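By written order: A, B, C, D, E and F. Residues from 1 in each chain.
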Amino acid sequence: MWKLRALKKFPFGGLYKNKEETKISLIGAPLDLTNSHAPGTYLAPEAIRRIAESLEWYSLLYEGDFSENGIYDEGDLVLFPGKVRENIDLISESLLDIKEEKRIPFMLGGEHTVTLASSKLLDEDTLLVVFDAHFDLRDEYLNSNITHATVMRRIVDNFEPKNLLFIGTRAVSQEELDFVKKNQIEYITSRRIWLYGISEFARNIERKLEKFGKIYVSIDIDAVDPGYAPGVSTPEPLGIDPHMFFGLLDPLVNEKLIGLDIVEVNPIRDAGEATSALAAKIVIESAIKLNKIYNKR
Amino acid sequence: MWKLRALKKFPFGGLYKNKEETKISLIGAPLDLTNSHAPGTYLAPEAIRRIAESLEWYSLLYEGDFSENGIYDEGDLVLFPGKVRENIDLISESLLDIKEEKRIPFMLGGEHTVTLASSKLLDEDTLLVVFDAHFDLRDEYLNSNITHATVMRRIVDNFEPKNLLFIGTRAVSQEELDFVKKNQIEYITSRRIWLYGISEFARNIERKLEKFGKIYVSIDIDAVDPGYAPGVSTPEPLGIDPHMFFGLLDPLVNEKLIGLDIVEVNPIRDAGEATSALAAKIVIESAIKLNKIYNKR
Amino acid sequence: MWKLRALKKFPFGGLYKNKEETKISLIGAPLDLTNSHAPGTYLAPEAIRRIAESLEWYSLLYEGDFSENGIYDEGDLVLFPGKVRENIDLISESLLDIKEEKRIPFMLGGEHTVTLASSKLLDEDTLLVVFDAHFDLRDEYLNSNITHATVMRRIVDNFEPKNLLFIGTRAVSQEELDFVKKNQIEYITSRRIWLYGISEFARNIERKLEKFGKIYVSIDIDAVDPGYAPGVSTPEPLGIDPHMFFGLLDPLVNEKLIGLDIVEVNPIRDAGEATSALAAKIVIESAIKLNKIYNKR
Amino acid sequence: MWKLRALKKFPFGGLYKNKEETKISLIGAPLDLTNSHAPGTYLAPEAIRRIAESLEWYSLLYEGDFSENGIYDEGDLVLFPGKVRENIDLISESLLDIKEEKRIPFMLGGEHTVTLASSKLLDEDTLLVVFDAHFDLRDEYLNSNITHATVMRRIVDNFEPKNLLFIGTRAVSQEELDFVKKNQIEYITSRRIWLYGISEFARNIERKLEKFGKIYVSIDIDAVDPGYAPGVSTPEPLGIDPHMFFGLLDPLVNEKLIGLDIVEVNPIRDAGEATSALAAKIVIESAIKLNKIYNKR
Amino acid sequence: MWKLRALKKFPFGGLYKNKEETKISLIGAPLDLTNSHAPGTYLAPEAIRRIAESLEWYSLLYEGDFSENGIYDEGDLVLFPGKVRENIDLISESLLDIKEEKRIPFMLGGEHTVTLASSKLLDEDTLLVVFDAHFDLRDEYLNSNITHATVMRRIVDNFEPKNLLFIGTRAVSQEELDFVKKNQIEYITSRRIWLYGISEFARNIERKLEKFGKIYVSIDIDAVDPGYAPGVSTPEPLGIDPHMFFGLLDPLVNEKLIGLDIVEVNPIRDAGEATSALAAKIVIESAIKLNKIYNKR
Amino acid sequence: MWKLRALKKFPFGGLYKNKEETKISLIGAPLDLTNSHAPGTYLAPEAIRRIAESLEWYSLLYEGDFSENGIYDEGDLVLFPGKVRENIDLISESLLDIKEEKRIPFMLGGEHTVTLASSKLLDEDTLLVVFDAHFDLRDEYLNSNITHATVMRRIVDNFEPKNLLFIGTRAVSQEELDFVKKNQIEYITSRRIWLYGISEFARNIERKLEKFGKIYVSIDIDAVDPGYAPGVSTPEPLGIDPHMFFGLLDPLVNEKLIGLDIVEVNPIRDAGEATSALAAKIVIESAIKLNKIYNKR
């Protein structure tokens, strides 16, 4: 029974909710094994839960209150020390359990590698939208093939490349770019977003969505500029502005959404908890919008 | 005599000035009692004074030099440990003493609660402009009624709500929003500022000012985006850009200004003293503009 | 022989390159003697080299890969403890040695004072472009005349003021402004860049470049807004956005470029290494563009 | 019902225990209102709980295992922002509730002021042993009379001075020393402990214990030398060594013990969590000894 | 060829030495995968190398100068991200290569798990002395069996328990203690060292050494009290004093020594680099003593 | 007039005293130019003054109260940026001015180099006692001859070596040791103090004092073990315990004392302000003892 695999923590925002009140399950996956420049993402679930207490819970945009339905906080998965593959399997099973209960998982990483666990949720009708400064599409990284730098490549091993959309791209390798072009993977660079604004891109996204019945959103917080999100392991300059980020996220949060993750938040390197607050805000705003959708039904 | 209540500190920017040279009195009010997530604002007056030494003192915008007239630094109030009400009274008396000397107080918090002390300076002919991510209009917060989260409500207990203008709003509770609507309090969200730019809002502010003989400005530094001002206790994403902030502050700094406070700067959580520098810059630019106005006379 | 004066370090980005592969020589000049508010720039060369490992090396803008030609990392100069003049001479000799080998120095400070050493590279046909929040044009600073606050004045002692262009200006003294006006030195304030965008300024720069056969670029990282670059000793609010910064740097990086320095990065005060990453990105992007130019020939 | 006043947290050491397994109740009292030099003790309960996970749980000294009976973690009291008196009352009621259930409270501060709440547990048959660098016996501190610097004086207002024993004393005011002498309060300075070792003092303590039926132990962690316990708000050099501290604590932990508190741990100022670890170790060792005593019965 | 596996770094203390000058090879093994409370040991080799520049190099005790023969710094092993077993094998091969060259490896961790790689150097004639607060003798830890908490158990899987000596023990589990007793493993607790001083224990160690032809010393820096060595991942109070630590290390450093490691230094959690300095001091003093022994021959 | 050279700061401990009340003048000399490993001593005078507010002011040892006579705080010298020699001269003049007023200077560094300025106070009847882990007796350090590593050698250039006594020695170079032996300079290693305790050494010091009419004490805080004083630029393990330090300082503080300095405190690297507190304690205890001596007269 998967519940045994998770350790109950002080819940997100200090808000105790029952499963019945919301379709959203928050699950922490503090995997932090393959970044040797600056570990610290293992602290993210706790940091995000904690700062959420200090944020306000009414959404001026979605005109709803987070405290009404909130999220159900499953706690953090108890990971195996030093084992990547085993942990990905563990996380996968948990996500599948959540799916089986017809609930929508919001996963808090940990490193981006945890998104590999989500690939079990994806099928050919799913659009996978990845906010990230990077592609994470290397085939191998320092002789390892399941890492934060290869995670999207591992996903594409069993997933249609054309179902992928990258947003915020700016830091790539030649190998990755060749792969992207060869496989006709779509990406929107942060430079183009800065140059042209978000309106057109938001429209494009909406158009693309029409072709898919499901959406999964993976948010590597380093998509946002390190000026706003310094708490990351690999700060890449020239990112996207949070106002624009939320503008691009908005069309993706709707009844098609089957899951979402927020990864690579590194509280050790943060300034004033700004990055954790950004992550908590994503949870709150998305949950309010989704809860309203499901309550109307 | 109020001077006994303040402890002289190394003055703002290291600049020793006599009272005669300027109408502005700087006073530190390091009250830091009601934020249990992240205290630290008690350090702000000292941090702001210190970083001011490293900033340049000529204003390209107002074409004047801060070192000419500067400000008179009264030092920091010696507060009673663990007493909110008593400290608000103490601060009030000091502000009234400054007013009595026909001087303009620039108060450095401390938490936003210190603005309650300023309410003694306000009358029906005063426009109270509050830069803040929040409303601070709760009636009660964790069973206490004088806190950083309720301070504006306490002010409104004895002040006409329509004389209030909030700028930078983005983090509210349902209760506060209901109160604001019921009392027709005007607010400009940071989202609208981001969407439309400041020109129109600056004109609106100017129009509104015409109806009032006096202005008091309270600046909760968390109005600014945590990307630029990470040194705050409650970082709320999606704030306003400093260029825009100064554009909106400009029309408020004129001969009608009877007082100004800068609150919620938390040096413990800052990055590179950027938030303290922003606060010091507000003091310097505003003082230069005001000193020029009063010297011309 | 100058090579004796430099201590080999773990190279920039961990990338070992031979001199033959590139015309660019990276040299660290960790001088940190005249800033008494917040030393720390002595740590910059090491921090920038280290974070470069975590950045990606393909440039989407210049369509080239840093790992192909890279830079040749000369290591760090071993400075004399507590001696400004002697160290400037030492750095000058090193830069002249690099010039003699027909190579282009990319110097990593240290404080801005190191640019005085570069003045040996300049002649009347050289445009000196300085990105900086400040002018650094005081004649004396606390009774010393070779400091981070007077370095540009010392350069102008033997250099035509009209060959100077400041970009990002916002923090000046009256004395400096008078000097600038009297000597018709051109400057572009960060406020104008924010108000009008970069297109027109980029064109102006290109027009100005036509008159000169050589360019030297000195980048005081505090030109960038402290929101994006908090790791500086004197954070001045209201700076330029990194997207705009790179837009203005682009026209300056071409076959006329004879040298470039990045100074005032202070890793102690940084958040999430964002400022060091920005500096490393400048090196990478500029090197890719230059290497492509020289390889085509 | 007092349970409503406490918020369940992730339990001490991550060890979920039922009330039946142990007589000890851990309760967090994160009061942090009267220290204006360096707040931070509000973070102590969470930090101590967390580091306890990393400590080992078998006691070589008492030959028992903490995981067997452990402690029951009641969570943290939800305090009123900015109210000292009200919070002391709240804490008192909670402690009395615990006493009523015939349980032994282990309270984690917060500032030393919380011990005033414990005075409700004391009677004339109780020996109050206070480990502290200070006496905290001032009558008033900056015009306030319930503070971390006056807490023992407030206790003595209603408690027999001769029932007090201070250990670790080294930082006193003339006023306090006069009071101590006048009231024949016993104290053991850290200097004498350093000079003579603990054997004789431990014997003295045992002799003194014979006269009392009950013991309450209050541990201001600053009794320990700041070399070992840097995470305190007022580091006083020349304290006691942890080995000696545990040697002096040992005779006090027995069936007479009616309560214990550990206060003034300030995680913000700690090094490597050493101070939090020391506090957690006190809880673990004392619980093991007590649980064994009560299980034997 | 193993040299390909190591990346040359700026050498220990900045001292470039040839292999011929000394029999000692320093090798960094920054493995940091199985501690999820507080990673950071991956930074230790670089931190220890760097602080060594600031220490003096003459040993008053051994009357020799480190700069004379020094050590040969092989650099750091390039580890596979997220792979424990593979990395242990990689480290083993490197240590065997060093052994093959008849050199003595001084390994800098990384977590204690790296000592498992050293077990390839051990045979029945080797005494393995482990300075550690812990036994690290669990059979499994959170479902993993190669971790910092199980490393000694994995070694004992293929090594005679009676060849083990633990020094500094104070934090154990019941399971470990049972195992130790059953297997008659010798250990000296830090408490006994504190109570009785080191003279007798040093004599015991010397006596024990007589039975063995070889010694390997593994130093988990948490053996030392966290007051002196706060930069560790699991600070256990009541450790040993550095003066005593060096007194107990001295008899172990002689011609029988076949290898030594220093592990669990965590620079992120250090205070004033004191823990890194302690590690560097161990390298310097031990190298001086050994170099003198081998030079005399 | 020298007073112009000093900038008044918020006084030591917040205690405003007139010159008449005490013979002791505190002067800050925040020189921080020659340590390139870890600058930060420039912050020491401010940090020491500030923490002094949190310490208690009654001395149990000397039975006197610091607040009675205290010290007169002259403020901090305004140093020339980047100039060693000039600053030493400036400091010298200030010390001579203080001497001329028949006052006793207590100087707070800054780096140890400032003690060179004190050499103007010394004559052949003066014993110079230096607490230090190091000798600072190199003739040259990285081609500079006035640095923190050569300061004692510069003093000895014009001072009788036999009038020197080093206490706490443990980190030396071969060159220094040779010089010490050749010049018969006396030193007491920290190792001998640890081995034998302080009684005998204190007696030796007293005997030595008899031969001199004057004493100057220079305290490089790194004499103390980095466990207790981590806030230093060059942490050397195996130092002296603070209890022992004060025991050895005591015989030196008497009517022969003509000056004292406390140097190398580096607040950036401190833990919980423990090192600054130690420095402040030295000022307080020494001032109480001296004030009592001079008041009795």
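A few remarks follow.
Please note the rule applied: a residue touches a chain if its C-beta (ideal position, glycine included) is under 8 Å from a C-beta of that chain, and two chains touch if they have at least 3 such contacts.
Note that the structure is predicted; figures quoted are calculated from it, not measured.
Fewest steps needed to get from subunit B to subunit F, stepping only to touching chains, is 1. Comparing contact pairs by residue number, the interface of B-D is reproduced by A-E among B-F, A-C or A-E, since over half of the pairs coincide.
Averaging C-alpha coordinates per chain places the centre of subunit E 37 Å away from that of subunit F. Between the CA-based centres of subunit A and subunit F the separation comes to 56 Å, rounded to the whole angstrom. In subunit A, 225, 227-228, 230, 271 are the positions where the chain touches two or more neighbouring chains simultaneously.
Here, these are the chain pairs in contact: A-B, A-C, A-D, A-E, B-C, B-D, B-F, C-E, C-F, D-E, D-F, E-F. The residues of subunit B lying in touch with subunit C in their complex are 51, 53-58, 60-61, 65, 225, 227-228, 230, 242-243, 246, 271-274, 277-278, 281.
The touching residues of subunit F, when paired with subunit B in their complex, are 7-10, 14.
Of all residues in subunit B, only 37-38, 134, 169-174, 176-177, 189, 191, 194, 225-228, 230-238, 266, 269-271, 275 touch subunit A in the complex they form. Residues 30, 32-36, 39-40, 42, 78-84, 113, 141-144, 146-147, 268 of subunit D are the ones that touch subunit B when the two sit in their complex.
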